[in-house]
Amino acid sequence: MGIWSYFLPKSPKILVYMLQQVEYNSSKFLKWTITLPNLLKVQKRQKLETTARVQLLLAITYSGWIFLLVTAVVVCLKINVLFGVLLLFLLPLFLICVLATSNTLLDLAIITPKEKREIARAKNKLMSLPATRIAILGSYGKTTTKEILTAVLSSGKQVVATPGNKNVLISHARWVNSLNGAEDVLIFEYGEGKPGDIKLLTDFSHPEIAVITGVAAAHMEEYGSLDAIAKDFRHIFSVCSPKNVFINGDSPELTSRIHQGRTYFGAGLGDWKIKLQSQDLDGMDFIMSSGKKTLKLHTKLIGEHLLGSLGLAVELAEQLGLSDQQIKAGVAATKPFEHRMQPYKLAGAQIIDDTYNGNIEGVRAGLKLLGELKTTGRKIYVTPGLVEQGALTRVIHNKLGQLIAKSQPDRVVLMQNSVTSFIQDGLDEGGFAGELLIEPVPLDFYTNLEHFVAAGDIVLMQNDWPDSYR
Amino acid sequence: MKTIAVIFGGRSTEHDVSIVTALASIIKPLELTKQYKVEAVYVAKDGAWYWDEKLKDIDLYSSGGIQDFLHKSSPVSVQFDGGMTLVKSSGIAGRKTARKIDVVFPAMHGTYGEDGSLMGLLRMANVPFVGCDLDASVLAMDKVLAKQIVASKDIPVAKYEYLQREIFARNSSEVLRKLEKALTYPMFVKPAHLGSSIGITRVTGNQELRNAIEVASHYDEKVLIEEEISNLIEVTLPIMGNETLKPALLERPLTKPEDFFDFDTKYLQGGKGGKKGGSKGAQGYSELPAKLSDELYKKAENTGLSVYRALGCQGIARVDMLIDFKTEIVYFNEVNPLPGGLYAHNWRAAGVSNIELVQTLVRLAEERWQVVKQQNTIFSTNYLQQF
Amino acid sequence: MQLIVDSLITNYTRAGRGKVIVLLHGWGDSLATFNDLGRELAGGFEVITLDLPGFGQTQSPKFAWTLDDYAHFVKNFLDKLGVKPDVIVGHSNGGALAIRGLSMDVLKSEKLVLLASSGVRNTKSVQRNLIKTIAKIGKISTFWMPRRHKQKLQKWLYGAVGSDMLVVPHMQETFRQTVRQDIQKDALKITVPTLLIYGDKDRATPSQSIGNKLHKLISGSQMEVIPEAGHFIHHDALGVVAKLIKDFA
């Protein structure tokens, strides 16, 4: 049925969008398109970002489209009508091949050499910068930890961190090339996509301090197992001394595999003890006490699972020479980031948007919070499930269902996809007795949220399910 | 999946408001439930009925494209086949599309719609419909009748008189004399049947009274004149239900003392031709919930519920009341059987989401119909044998 | 507030206490244009504004009206309110209306203020004839277009050449009869003290051509030209205009 969508004039644009979604990875693109999905149903969660690369690819694909059409017509007229029509039927595959091939060629001929030059230049520059280099790696929580460290350390130092989700080697290089040299602290977020990534990043930035935020099932299609993930992370020790590597003690998958470094917990690290006083949708009040001092701290962040990173930030701030005053101010400056346990009000209801969360630990923390909050209305939990869980998908989603059932929300909203039935099984096994709503068109729900809620409701939305997944 | 027809537009001064009520507060949430197939039926200003998916898009109306649409389309046919079925022939050689309607959701404000006209039609057609039935609608839309019924149940109403246009035209001085004898200034002169504050004037003297009656008569042949309530707090209460009633929150519209809730303020937010009007009109201008003492709040709530029952309202309605805060008397003002935008903002603040609101109303409609179905009104007789 | 005047439902406002000032708006406008000015003046005067028939919320006339019809309407409106104006203030076409009404003795007032008044027929007849020709050609060549698009195109064309004719499309005929009326002869008959206020950046009713002409025709009149103000001087220079009127009244 969907084959007709390839003959529409806008099909090249949709194909390029799909390529962009898999980050220009030709093999991932081919895997997705080889089944010839209906192009009109590729839900456009985002718009096609027009870069020079995109424009070039579009031009090539459109040319290919026109070329085939013209050839088919010529064949029809000059040789044989049947052949011409058959040729026309090859259009979908032809477009896909043209796009994939030109993408790969573009990569090899232009993009990769260009990137190599940028990286070499950046490496040189990096060696001359005096700033302290901190690396953050882990299966989840990297960006949050990065933002927390940045906010707290900025209270007394000039801190710059790799922006947004740009945590691959070429982005690091470009970022380094843009620095002005006056920075005190550079924070690198290491993105791991496949084995070997961490080594590349480590060798490039040579960090002095590192933080491993945890190990969980993420990018399982490339890594295959949690052990493989941990092995990759271990490369950090080839550059960083163990007393400068902090590992998250609250991630059992991490601590069971990596035994070097200094552990930090939500309950404390080193001499510090951390105690949560109270938490509501405006933030958390907590106390950090060591033998030498006690700090009363407030943050606008919510979620007990963040206390570990906050504690680590305080410890590093002290190490780098910030005063207690500065540390307090720094912690007070931390606030929720977009789509990460971000609270806001809508139509009188309280919404917590944690849609960027992509792992089971974050889910655990979110559900714990939901269970603790008090309200007159209903508690609603919304999730599509977790992507890239690989072979562990069924088990993890069953666990997810059970976790949800345990926190007893009044209503659960699931987005319909390949893991929905696993979550449902988990809900049943966990004894969920509330209302279950399955949304066949996720976008309809998220964009019309105000129609689903009323005053007094608390809605926790976690995880995202991008278009490239089924 | 059940099919729900939402009928909106109509030959009334509130035509445009009803479009927004239908599209934003009814059709959208109904479709989001994914439990119903929703059909949009638009009644144009000339009274013709149209049925099309395109009618669900607000841009069609705000851009003016509706004119072209009406120009090109032919009205829908309705088959009264013991129920109601919509029939449309689409361009290609008279290919007909038919859809049987399971429930009708009336979304028309004002004359020839909210006033019972549509309800009467639907009752006859034997199809379940949402909201007040024919009798309650007629009573609610006639401000005089509503006052008479409510007063008979010992619920306070402002002192009032009413007149017929023809009588006034024939003998205005006599009528005015009688009015001034029965009532004291300041007074409000209103067309008996309209909503939305059109044609309403506040008068403080004889000449003003005469002019105001002339204005009101321009809109309606029955005119209501009532005394102003002093120390005034205006409140309104949306209520839902058939036998078991659920009130929303008492809402207090806040307006400047000079201009009471007039059409512009209510729907166009102070500016002419404002596109941001419609169902959101009252929102920016109210205290929700109204800040009254617990006692007074309860009193007003109970008065609202009593009025709802007295008039026989079902499904949903909104009761407007006037409170004299010195004497703490709660007066009944008027009832609106189809609140603009269903007053969804108020229901939301009361803990009922848009989706729940429309789902409940559909359920109430079906429940009522079941009850009505039980009543046997068809009897077989021998009457015809004699012919 | 509303009133029935000559069987038309008429929208008007009335506020303040003191000498009576009546504000008459121009073509395609409504009483809302005087919201701010009215507020400024209501402090020391009784300010009355109305929507002229066919505009704002007042019903449209049942047949095409002339400027005289409008003048009679305003008279009947004021009579119904039982009001004798001390000052009539007319903006643009409202000014022409006032001039015509006063000259016919249909309207009576102690004083007259003309804000960027029109009424002097555009002497650039060559330009006008050109526009007329283009319009006729356009009408013929676009017969195939759907009505709504044709109307849009027409509106754009008229707007582009600065014509107000299609600002209120259903009043086209009335526009032709009213706005094209030349009241220069009537201006000669004005005997009441008159103040003319024009903006020097006014392109619709330029102070040099139209303003000065009327100034010369109305004996004993005063004229003020406000710098950096356009056709809607009561918006562009609210404070100055309000003060001028208060001092003059």
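In order of appearance the chains are A, B and C, and numbering begins at 1 in each one.
The rule we apply is simple: a contact is a pair of C-beta atoms (placed from the backbone, for glycine too) under 8 Å apart; a residue touches a chain by one contact, two chains touch by 3 or more.
Just so we're clear, the structure is a prediction, and the values are computed from it rather than from any experiment.
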* **Joint neighbours of subunit C and subunit B, given as chain labels** => none
* To do: Could you say which chain's mean Cα position falls nearest to the mean Cα position of the entire protein shown?
  => B
* **Centroid distance [mean C-alpha coordinates] between subunit C and subunit B, Å** => 40
* Structure fact -> Taking each chain's mean CA coordinate, subunit A and subunit B are separated, in whole Å, by 50
* Just how far, in Å, is the C-alpha centre of subunit C from the one of subunit A? -> 64
* **Contact footprint of subunit C on subunit B as seen in their complex** => 64-65, 67-68, 71, 199, 201, 207, 211, 214-215, 218, 272
* Asked: Which residues of subunit B touch subunit A in their complex?
  -> 28-29, 32, 34, 347-356
* **Interface residues, subunit C side, partner subunit B - complex** => 1-4, 9, 30, 32, 56, 80, 82, 146-148
* To do: Name, in rising order, each residue of subunit A that touches subunit B in their complex.
  => 347-348, 376-377, 439-441, 444-445, 448, 450-457
